[in-house]
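You will see chain A twice below: alongside chain B first, and alongside chain C after that.
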Partner chain A sequence: MNKRSSSRFSHTKLPYLLTLPIILLVALLVVYPITQAIWTSLTDKTLGAAVDTKINFVGLRNYNSLLHSSTFLASLRITTTYAFLNVVFSVGAGLLTAILVNKKFRGRGGIRALMTAPWAFPDIASVIIFIWILNSAFGVVGILNQHLPFDTSGGWLTSSPYAFVSIIVMSMWKTFPFYSIVFLAALQGVPEDLTEAATVDGAGPFQRFKTVTLPSIRPTFVLLALLAFIFAFRQFSMIYLTTGGGPERDTETLVLAVYNTAFKYYDLALSSAIGVVGLVVTFLIAVVFLALQSRAEKSN
Partner chain B sequence: MAIVTGSKFSNAIRTTLRYFVILLVSLLVIFPLYWMLVTAVQAPEVTLRYPPVLYPIDPNLKGFHAIFFEKQMGKWLINSGFVAILTTAITTALSILGAYALSWFKWRGKVAFGLMLLFTQMLPEALIVIPIFKIYSNFHWTDSLATLSLIHAAFVIPVGVWILKPAFEGIPKEVNEAAQIDGCTPMGILRKIIIPLCSPAILAVGVVAFFASWGEYLIAVTMISTEGKYPASVGLASTMSQLDTPIQTLLSGAIVYGLPPVILYMFIQRFVISGLTAGAIKG
Partner chain C sequence: MLMSKKQNETVDALEITNATVGRRGFIKGAGAVAGTVAVGSVAGATTAKAAKTQLNITTWMGVEPGRKEAWESVLGKFNAQSTTSEVKLTGWPFAQYVNQVLTGLEAGTLTDDLIMSTPDLAVRLFKSGYFLPLTDAVKAAGVTPNPKIHAYVTKDGACYGVSIVTVNFGLLYNSELFSKAKIKPPTTPEELLAAAKKLTKKPNQYGFWHPNTMAEQGDFWFNMQNWVNMYDGVWAVGKTPKANSPEVVKAMQLWLDLYNAAIPKGINNAAATQLAANGRVAQGFWVSAAVNVLKSTNEAVYAKLRSVALPHASHKAASRVHPISLNKLGKNKAAATEFLTWLFKPENMADLTMQCLDFIPPFPEMANVPAFKAYLKTLPWIDGFLTPPSVPITPMDMMGDFITKSDEYGTIILTNLQSAINKKKTVKQAMDQAQKELLVLATKL
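Entry: the complex of A and B
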């Protein structure tokens, strides 16, 4: 059934009424705040200034200082690295585990249920567990630092590069099971007669995967890679509550930079400018998402 | 017809290897949660032993007692429950209307509406939570659990719409043609046919909305400043930052707060996945 044939009514004003509450809500809570952020980014507003402080319009000055700020450029690099490693490790682990559990075996249902646990588990609760596990005096993983060939005595969450590694591992634990379940659904849609035909033609397991399985799960793969990127770009609480963006500002992704610049450094205008850069990035991701989606529809 | 590709022996090795890797992955997934349960019921002296004891010794429930009676876990859970229920009500109602408009109607602005939802869904809350706070503190709407649930709803509604849209589209055309002949209005069709037929998907939207709100931290910590109004995410995070809190207490809190969504999600997995991937897998 294609999309056009599923529209059944066309004559009424009803769809506008139906969507009005959502449009109002988004206008009040998303669009209006965005306009405020854009406006603030063009001023010299600070947080906690006296009420009668005059706020000056400064044009693009904040954006200009962002261009010359090494912390901002570093935060862009940290965001990209974090997102990229999430895509590679979480989506990769998701695919591998899905292939593993794709064949029928005893206890498969149980494993699938188990895979749901980490991503259904709330961020704060996960943070509490990981801070405890990584505690360098008493944590079950953290105490390993006494036996490792490299120096982690500064703490897993408080020294570089271990803090960054820790948040990657934590994000991976939290997200890869989700990708695994989605991959599994896609793998089960791979037509069996194709796999059988390939087997008859003498293709080994690896060749079968490359020529039959991979092409049919490719759309899922691309979609999940993009989703992983989006999740990583949005991730705030897990990083904020474990490292706070530190040590120094080594794990400060763009969304953390927005928050810290406002609440730690009181520069509301600069924070807004970083936020506007983030909005542009979000917009670009949405465009990529749509392009991929329309390509997938055409090939159907 | 079985086609034998390898000897029985190499098959056996392959199967064993597979089970081994599956076991290993499962252990990695489950270990942090297992460790939470162990530490939460264990006496502090045992917890601090070196090397660590991997199973509970002298299990007791003191941590649970402390998180409820020394901290205000009960109150925080009630607050979280209130915000989550309100978020669920708003999200479910508005998602049904929005998905109906997107799936059954042809109208100008349909594409723009879809784009608006997509952008909202992808938008990191951290980018606009400060302006939201600034704007609504002018109206004295901050530090209110009701306002918090409105904001939560705004961010979950897109997911709700994407879960419901394919379900609504899947209703056979004959059904609504018959209903129209019987004199049913579009709203009547929604109420009498679509909502009953799609109740599993609607239930899934409710669960997703409930736990999206239940687990949310950033907006909650920015908007709510009175300790008595803290939802559980903020209460636990503030307990965590008080360094003298015993780890047993903290992890007991994480269990009480974290396990309900895990258990419920296991039942509605399928719907959640289709919503979060924006129904794009099947095109």
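Entry: the complex of A and C
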């Protein structure tokens, strides 16, 4: 009897007990900060207020002011554009390079290793390199400026629209190796017999890619697109260190707006509200991506 | 090994004899006790070390070239003399300093006993009640803080911060580059622009230094804030912004003309300063503290540095007073007061000031220290920094009630100025737009 009840315990409770530490950890590191941010966004809390300042509940006032803030709406637009272009260029470059290095050729191992270098570089080092490369007076790109058909004398990181273009290029350079490695792993899992059968049936390289390779790697593709979007959505260090959100707020993404509002304008409540909106947008995007993937799987 | 009570008393007495500073000696004025030298000095030293209170000063100066070494030298003297306290510097670089301090205080984790502040931060912390009065230390040191520069941290006759460094803006220039070009330092805005153009040979030499990237917005605004003085303007009067006043628009236009003609664009502050230290930038509106940074970066440039007052009729320039204060959240107020008392002694403050290459005394008593008087005669580069009017123009005078929203004000000005830099608007149109945004900001004051 005792043995039986002990066995039942282990079947019913043990899994929960074993997962308890991670549940507590997630609650501490994820649920608590999010709850705290949501709560703060409903108050008038500021940074550096008087020692005995009372924090007041203000309801949705901060969200209302965001709805009427052209700066915030511009930030939202800039963030989604930046994230979308990141998905297109970074994931696209990752896929193309993965297809290339999936072919057999001499020195393939070396090329694969070299390709991961940008991803391995720390953000700060990459940023410093780019700042110098893009400097109009001292940088390599400065030499090209004279030969370009458009005026970049204002600087690649300090004038519109080049600052935005520059951060897209930097982000692509920094992140495509990760996508490339994951795509490479997926490509190596594509059944060779299917590809060979398609070849026998007379399919060219593009048709083989469209009808065999792409469907096989679609789950990876959707996952990476989602990850790329989320990574770009929360990108901070590269943008902050290169453009600081300028010029004219052209590169001020939501994450930068959160930082500026909290630590430059000392408005913790409004900053939390921006953060919560960012969280909701990311969540919705994730839902859409996953729904698309689910529909694709069903149709297959 | 445990010591007897008598041995302990003897060791205490010995500490007072050997040290020039000790809390007990400082507070009670106790004299030396003779005839006890024979008692184990090693044991005494160990006891004293173990008993020392650790004091931290939150500051950005611990990472600033030149100033870091000066502070370490002065603190070394205090630490060697004091039997009761040991002081060290903590903190963050200037660009992150205000954020980190505010966040630490808000979280209750910044419990360092002493805090240094920028003027803007000092106003905020003073109003928020984070500072304690320094009356005891000031009295014990026998000094009278200059009321002109300490008014903004004084309440009911009590001073809540004493300037650890006061810096003025002036036109600092490389005399060698001016001599080679056979031109004299400018005295008017027109001469300034003409000189800057003549001294620019891109990319090898630039006629003017000024931070200009939004990635280092703190430095950009720190320097830009002073420009309003060029035509005797202000950024705000009370809660009324003055961003599109004729004075401000003219000052911004002058800056833009210099930017287009003579300023190294898009490089970070450290790199621009490196250019200046290497003799590749002819002039700039700098605070006097920059001399120490330039000297520490390249000793050779120091002999070439000279200064004149800002090139406009009234010579008005911003003065920035950086006070040291007792943190309300600190744990060792008595020990911190003891250290401040030592530091405020005119000879010690003079020592610190000289090692930092500063020259504006926080209290008149320091000006009478013979070594300081002699030191002032060895600084050929200070003339321009001494010329501003006798009543200092502080950030509070320039910013009005926006002083507690200075960074946000700066963001609005700089962001709109960029539309003029990018030739989308005229300076007037850009400042009109800034004025509109500032009027909205005024409602939050």
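Criterion: the second predicted complex is superposed on the first by the 249 of 300 C-alpha atoms of A that agree within 3 Å, B and C clash if a C-alpha of one lies under 4 Å from a C-alpha of the other, contacts with A are read in each partner's own complex, and residues count from 1 in each chain.
Note that in this section a contact is a pair of C-beta atoms (placed from the backbone, for glycine too) under 8 Å apart; a residue touches a chain by one contact, two chains touch by 3 or more.
A quick note: this is a predicted structure, and the numbers were derived from the prediction, not measured.
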| request: Quick one: classify A:Leu227 as touching chain B (first), chain C (second), both or neither. | output: first
| message | In the overlaid three-chain picture, which partner chain does A:Leu18 touch, first (chain B) or second (chain C), both, or neither? | response | first
| message | One more residue to check, A:Gly278. First (chain B), second (chain C), both or neither? | response | first
| With the two structures laid over each other on chain A, which partner does A:Phe105 touch: chain B (first), chain C (second), both, or neither? | first
| message | Tell me the contact category for A:Gly246 with respect to chain B and chain C: first, second, both or neither. | response | second
| request: Have a look at where A:Val26 lands relative to chain B and chain C in the superposition and call it first, second, both or neither. | output: first
| task | Please work out whether A:Asp201 is in contact with chain B alone, chain C alone, both, or neither, and reply first, second, both or neither. | result | neither
| field | Per-residue touch tally on chain A - higher for chain B or for chain C | value | B
| request: Once the structures are superposed on A, label A:Ala49 by its partner contacts, choosing first (chain B), second (chain C), both or neither. | output: second
| request: Would you check which partner chain A:Ile34 touches, where first means chain B only, second means chain C only, and both and neither mean what they say? | output: first
| request: Return the residues of chain A at which the contacts from chain B and from chain C coincide. | output: 131, 138, 240-241
| request: Under the touch definition given earlier, write down the residues of chain B that touch chain A in their complex. | output: 3, 5, 18-19, 21-22, 25-26, 28-30, 32-33, 35-36, 39, 47-48, 50-52, 54, 93-94, 97-98, 100-101, 103-107, 109-110, 113, 115-120, 122-132, 134-135, 150-151, 153-154, 157, 161, 169, 173, 176, 186-187, 211, 214-215, 217-218, 233, 236-237, 240, 247, 250-251, 253-255, 257-258, 261-262, 264-266, 269, 273, 276-278, 280-281, 283
| chain C-touching residues of chain A, taken from the complex the two chains share | 47-53, 131, 134-138, 142, 154-160, 240-249, 260, 263-266
| request: Within their complex, state which residues of chain A touch chain B. | output: 1, 3, 6-10, 12, 14-16, 18-19, 21-23, 25-26, 29-30, 32-34, 36-37, 40, 97, 100-101, 103, 105, 111-133, 138, 140, 143, 173, 177-178, 181-182, 185-186, 199-200, 204-205, 219-220, 223-224, 227, 230, 233-234, 236-237, 240-241, 255-256, 258-259, 262, 268, 271-272, 275, 278-279, 282-283, 285-286, 289-290, 292-293, 296-297, 299-300
| request: Report the residues of chain C in contact with chain A in the complex, numbered from low to high. | output: 99, 102-103, 105-106, 124-125, 127-130, 202-203, 212-217, 264-268, 328, 405, 407-408, 411, 414-416, 418-419, 421-422, 424
